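Following are the structures in question.
Two complexes are shown next, each including chain A; its partner changes from chain B in the first to chain C in the second.
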Partner chain A sequence: MKIASRKRHALVLFLIFLHGVVIAGGFVAPYDPIQQEREKPYAPPTAIHFFDAQGRFHLRPFVFSQRVKEGSFDQYEDDTAVRVPVKFFVSGAPYRLFGFLPARLHLFGAKEGTIHLLGTDGYGRDLFSRILYGGQISLLAGLLAASVSLLIGTIVGGAAGYWGGWTDSIAMRAAELCLALPWLYLLFGVRAFLPLLVSPVKAFLIVVIAIGALGWARPARLVRGVALSAKERDFVRVARGFGASNAYILRRHIFPQTKSVVLTQAAILVPQFILAEVTLSFLGLGIPEPAPSWGNLLSSLQQYSVLSSYWWMYLPAAAMVPFFLGYLALASALQEGSRAAKIDL
Partner chain B sequence: MRYLARRFLHAVLLLGGASVLAFLFTALAPGNYFDEMRLNPQISSETLAALKAHYDLDKPLGVRYAMWLKSLARGEMGYSFAYNAPVAPLLAVRARNTLLLTLTSTLLAWCIALPLGVWSAEQSGRWVDRVVTGASAILLVIPDIALALGLLMIAVKTRWLPAGGMVSVGNEGLPFAARIADLARHMVLPVAILALGAQPILVRHVRAAVAEALEEGFVRAAEAHGIPRRRLVWKYALRAAANPLISLFGFSIGALLSGSLLVEVITSWPGLGPFLLEAILARDLYVVIGGVLLSTVFLVAGNFIADVLLFWADPRIRTE
Partner chain C sequence: MTAKYAHAIRRAAWLGLALLLGQSPCPAAATPQTQPATKTEFLVLQDPVGKRGGRIVLSLRAEPKTLNPMIAADAPSREVIGAMQADLIHINRSTQLTEPALAKSCKISKDGLEYAVELRRGVQFSDGHAMDADDVLFTFRVYLDESIHAPQRDLLIVDGKPIEARKVDAYHLVFRVAKPYGAGDRLFDGLAILPRHKLEKTYAEGKLAQSGALSVSPAEWAGLGPFRLKEYVAGQRIVLERNPFYWKTDSKGTRLPYLDEIVFLFVPSADAQVLRFESGETDIVTRLGAENFSVLSRQAHGFTMTDAGAGLEYNFLFFNLNEPSAKSSAESLRRQAWFREVKFRQAISAAVDRAAIVRLVYQGKGAALWGPVTPGNKRWANTEIKHPARSLERARELLREAGFTWKGDAGGEQILVDPHANPVEFSILTSASNADRTKMATLIADDLKQLGIRAQVVPLEFRSLLDRVNQTKEYDACVLGLASFDADPNSDINVWISSGGSHFWNPSEAHPATAWEAEIDKLMEQQLVAKSFAERKKSYDRVQQILDENQPFIFLATPDILVGAKDNIGNFQPTVLEPYALWNVETLFLRNAAESGGK
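On to the complex of A and B.
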């Protein structure tokens, strides 16, 4: 029991750290996500060095300047004569911290050249910066969609379980219908009937609402189960006996009991919805260029030439893994915890 | 038998509900296939109105639904604007390809997951169990899209497998056996992606169900009677654990169907996925409805198969 809760805390801290890095992406990223360096398309990731070409040690880390190999247009080599020292806390491209605070300070950067930790894409945009900014959009989409789903699911499921009767049958038939449709196809179907060419903000909202509105069925079923047993508890009957209103009982007694189910569902749904956004954007139905999202960053891999030549374009997919790890481990830790709690009762 | 009849009725009702839902969404949609033609100065507004009337897009929703049902009865499922042909034959070819992919990967996924899960439950706590649970935990945190692109990348770099499509160029001229071999080579990559992606969830459930059954009193009693371990696990415990696993089988068909949409696009497999995507981009209304509904049919059919299997496997349901 003790160990389980410590594990949960560790996982929550891990997730907070990951999200913190992405939320403060403007500070961590050295460049603006849509700033192009046209003479450097598909530059590979640069290694950080401490020893220069003569083998001399430098305390300040540096990267070698990259230049295009003679006779090619996309093959780069390190120009070992030119050292580009990495500077920390430098002033660079303007951005808005947390989306509103105007700032120019970056965690690291380079004055005497450019530094592309994870390489550049076809327009010479810094991939590291784009992954961080893209993460903001993808994570926000996942979190918002999960909130929408959980909100609908909790209300519908709570009402269905509490009132029973025809409310219950209608809600549960609808939930069954939503579960019966293959959800990716359903998502496609919903997206199909929304405008195709829209502004990035609108596209974002559409994606979030479409994903969120489709995922309510599973949480609704689980919440209904909890509400069904909760309303038969003695203290609920007592409250009703004292003349408490339905709204009061739901708010004070029923919904608090669904907390652990809802939290567990949240940990399961967030990565699932991140993936849904990624899939839609990957297929060109989600967030449009030039705004980055993990999905549309990956979509260049649909071109054979990119897939076969520029391995670093795959890195946005790898960026998802720690987030999934955190969320899924948290979900199973929460489930373990609730199982242990049940045995304790 | 009443149980099966009830499940069947349930499936049919679900499909009816799904079709109504699909039509409702179309009503919410701003714009249609012909709206983009408005920008073309060579097409007059009268022609556009005539086209709309020709395809009955000017009728109210209820009427359109009734007409669609009628065309479904004729086996057409509406009309594709982009292909200028009835939808059903267009869908049939793609659906065949998708089914080939989905069913193969469902079978493969279960053929791997069942023995692994049972083995891992039987060896609970030992190194086999640790390796299996560890591997499935790793697979679980790799998102489908990362897995698909990663495997595709490996296939492209090593040139072991064809990078996409369903057949090679010049496939038509080959003898039958060579054509099958060619198809199989093209299937390896998408099937591997789908089967691997489904692994962790299947293995976990099989392991949990069998481990629970192994704890039951009747299994211990059987063990005390001297029934060999292998027989005990495969005949006694697995049979007791079968119930949730059969339901999971039905679900896994649906999950693989959803997953196949993305995998088909990534590996350019000419199935429902790319077809649907193309139809969405072209706003080809009835193709989208048809595609979504067809996938629902597969899913509902999968669940119905699971119901039939349950009926066969579980005597409690039969006598109910």
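On to the complex of A and C.
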């Protein structure tokens, strides 16, 4: 019991740390994610050095300036004559911390050259910065969509389970319909009807609403099950006997019973919906270029040449892994916890 | 435009392959060498001598729709048919000059109205049946039959009247046109001579337009090309075998083609084509993108990658210049008002970084463009057209002159606003399946951001893109590309004249919408019937100048023609004209014919 809760706390802290890095992405990332450095397409990750070409040690880490090999497009070589020291807390491209505080301070950077920790993409944009900014969009999309679908799912599922009868039938048939829809094709169809000029914010909201509105079915079915059993419990019957209104019973007795189911669902749905955003953007239905998201960062991997030549273009996928592991481990920890709680009862 | 020219223009528009030489004289009868030893008057090629035997394997990105040369319009069909059929006079894709083919000679009368054609004697179809003037007559009758809907039909209508074919004897024919036509004997290129003995009955039954499906048994068709159909497996491949009756030999007297078989595999995407080539499954790969080209170049072993130089494809950005309809929203009306402002278009052109497009999209294997004539086409370029480097200052100046101003937005960035203080923003359509053009549009959007313009790239499925451009006309701007079939201006006439269907910025106008479009119409007509190359060039130079001044298309860049072939393929000489690698398929050979060939 104690171990489980400690594990939960550790996982929550781990997730908070990961999200913190992404939320403070503007500060952690050295560059503007959409700024193109057109002389440096597909530059590989810059190596951080402590020893220079003569083998001398330098306390301050540095990078060598990269240049394109003669007559080549994407082959780079280090100019070992030019040492570019890595500076911390440097002033650079303007950004908005947490989305509103204007700032210019970056965790690290280089004055005389550029550091591309994870390389650049085909337009010479810094991949490390794009992964961080893309994470902001993808995570926010996942979290918002999960909230939307949990809200709909809880209300619909709770109502269906509590009232039963035709309310239940309609709600559950609707849920099944949602589960059975080939939603990817549906979204392709929807995109064709939208106006061409969609602002990035609107596109983002469309993605969130689309994922959230189609994803409520599973939580609704689970919540319905809990509500169905909860309404037969003694304390609910007693409350009804005392003349409590339906709204009161739902609010005070039924919904609190669904808490552990909803939390577990949340921990499962967030990564699932992040993945949904990734899928949509990968297929060009999600967040439009040049704004980064994990999905559209990966979409260049659809090209064989990118797939086979530039290994660092896979890194956005690697960036997702700790988030997904964190969420899914949290989901199972929550499930364990709720099972343990039930046994305690 | 007068109706008088309509036919001529349509016909020239169809003929991507119209004249390159203006007034080219008919190829002299001296070039072909006949072999008196046999009855057949062989055409003797002077290419390096190769070895007989073997097969090569290629991939096509889609299944050919038909093997019927009268109705084929798609690239895969044309590529396969090209190896199976032959014409009277052929344009050599390498020299870009006409050469005698099935016609031993072709003499144009002094008034330019009559073409006297003498056929090669003893030529046989791929089933062994002899070819003579009756087959040629039948061919022209079929092509001119309106119920067949042959796309080449328009080619054969000069000044509203169909070309008249008259048989003199079994090997001599006279063709008569109603008006002298500059294209001259180039007119015959691409008109496959049909086997009358096979098709006459089908034609009489009115079923010819439907025949030629891939599933027909090889015995039902016959051609005069180097190869004939052997096998077709739906969804997988089409196999052609050597035509034993082919009418060309090499300089040592070996009957061509050298190869026993060509196999075309149907492969769904460009990447899949590359993978097949890389694994050695196919021997030749064409239509490569620069990125895949460099992937293959890096690991080249056993094959050679060739950059054949700038092709004839030009990519361009254009704005919606259609007449606003009653249905247009206020917003799109406002946007179209900007687009119609010529200084706005000039400013966009000045702001586009073409060098970056060539470098980032084509990895340097291409050329920046300021007009429709690519560096691959040396005869027709107007050298007066300036090639200004990118200049944001110039762009800002032009925008200011057109009444645009800048103001700071909430984020402290300068955004461009029109005279009514509306922020300038629009969408740019691209084809989702074309990574190159999507990349171009993304670069342009970033270029324009520096002017304070918000341009949003919208990749759409190609058919819905064309639907928006040509039908609904609901779009702002679009990046497209066109590949001319030939270096002649006639191949693009449909793009430049205002009534043309590919006049993308305002397609199929009833009347020219602007004075400059009217002038282009007139100039294109003039060059069509002009008698000398200098005259035609003068007209087309002026067209290029008008395009440059008005920027209906903002020309971006042209890619090089990139191909790869296994080292053991001899006589492999890719050209910048279609079909890039197979134009000399009859002389391709395998150096180690015994053990090689795709598996």
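A few comments on the model shown:
The criterion applied here is as follows: the second predicted complex is superposed on the first by the 329 of 345 C-alpha atoms of A that agree within 3 Å, B and C clash if a C-alpha of one lies under 4 Å from a C-alpha of the other, contacts with A are read in each partner's own complex, and residues count from 1 in each chain.
FYI, a contact is a pair of C-beta atoms (placed from the backbone, for glycine too) under 8 Å apart; a residue touches a chain by one contact, two chains touch by 3 or more.
Just so you know, these numbers come straight off a predicted model, no measurement behind them.
By the touch criterion defined above, A:G122 lies against chain C but remains apart from chain B after alignment on the C-alpha atoms of chain A. Legend: residue contacts after superposition of the two complexes on their common chain; A:D74 is shown touching chain C, with no touch to chain B.
In the superposed model, A:P290 makes contact with chain C only, not with chain B. Look at A:M320: by the touch rule set out above, it reaches chain B but stays clear of chain C.
Once the two complexes are laid over each other on the shared chain, residue contacts for A:S169 go to neither chain B nor chain C. In the superposition on chain A, A:W183 makes contact with chain B only, while chain C stays out of contact range. Contacts of A:F282 after superposition on the shared chain: chain B is touched, whereas chain C is not. With both structures placed on the common chain, the touch criterion links A:Y304 to chain B and to chain C. Note on chain A: of its two partners chain C and chain B, the one contacting more of its residues is B. Common to the chain B and chain C interfaces on chain A are residues 192, 196, 284, 304, 308.
Only residues 14, 17-18, 21-22, 25-26, 28-31, 140-146, 149-150, 152-153, 156-157, 163, 254, 257-259, 261-262, 265-266, 272, 276-277, 279-281, 283, 288-289, 291-292, 295-296, 298-300, 303 of chain B touch chain A when the two sit together in their complex. Per the touch definition, chain A reaches chain B in the complex via residues 173, 176-177, 180-186, 188-196, 271, 275, 278-279, 282-285, 295, 298, 301-302, 304, 307-308, 311, 314, 317-318, 320-321, 324-325, 328. Interface residues of chain C facing chain A in the complex, by the touch rule stated above, are 271, 274-275, 289-292, 294-295, 298, 353, 356, 359-360, 363-364, 412, 425-427, 429, 432, 435, 439, 442-443, 445-446, 456-459, 464, 474-476. Chain contact summary for the complex, chain A toward chain C: residues 34, 36, 38, 41, 73-74, 94, 122-124, 192, 196-199, 284, 288-290, 303-306, 308-309.
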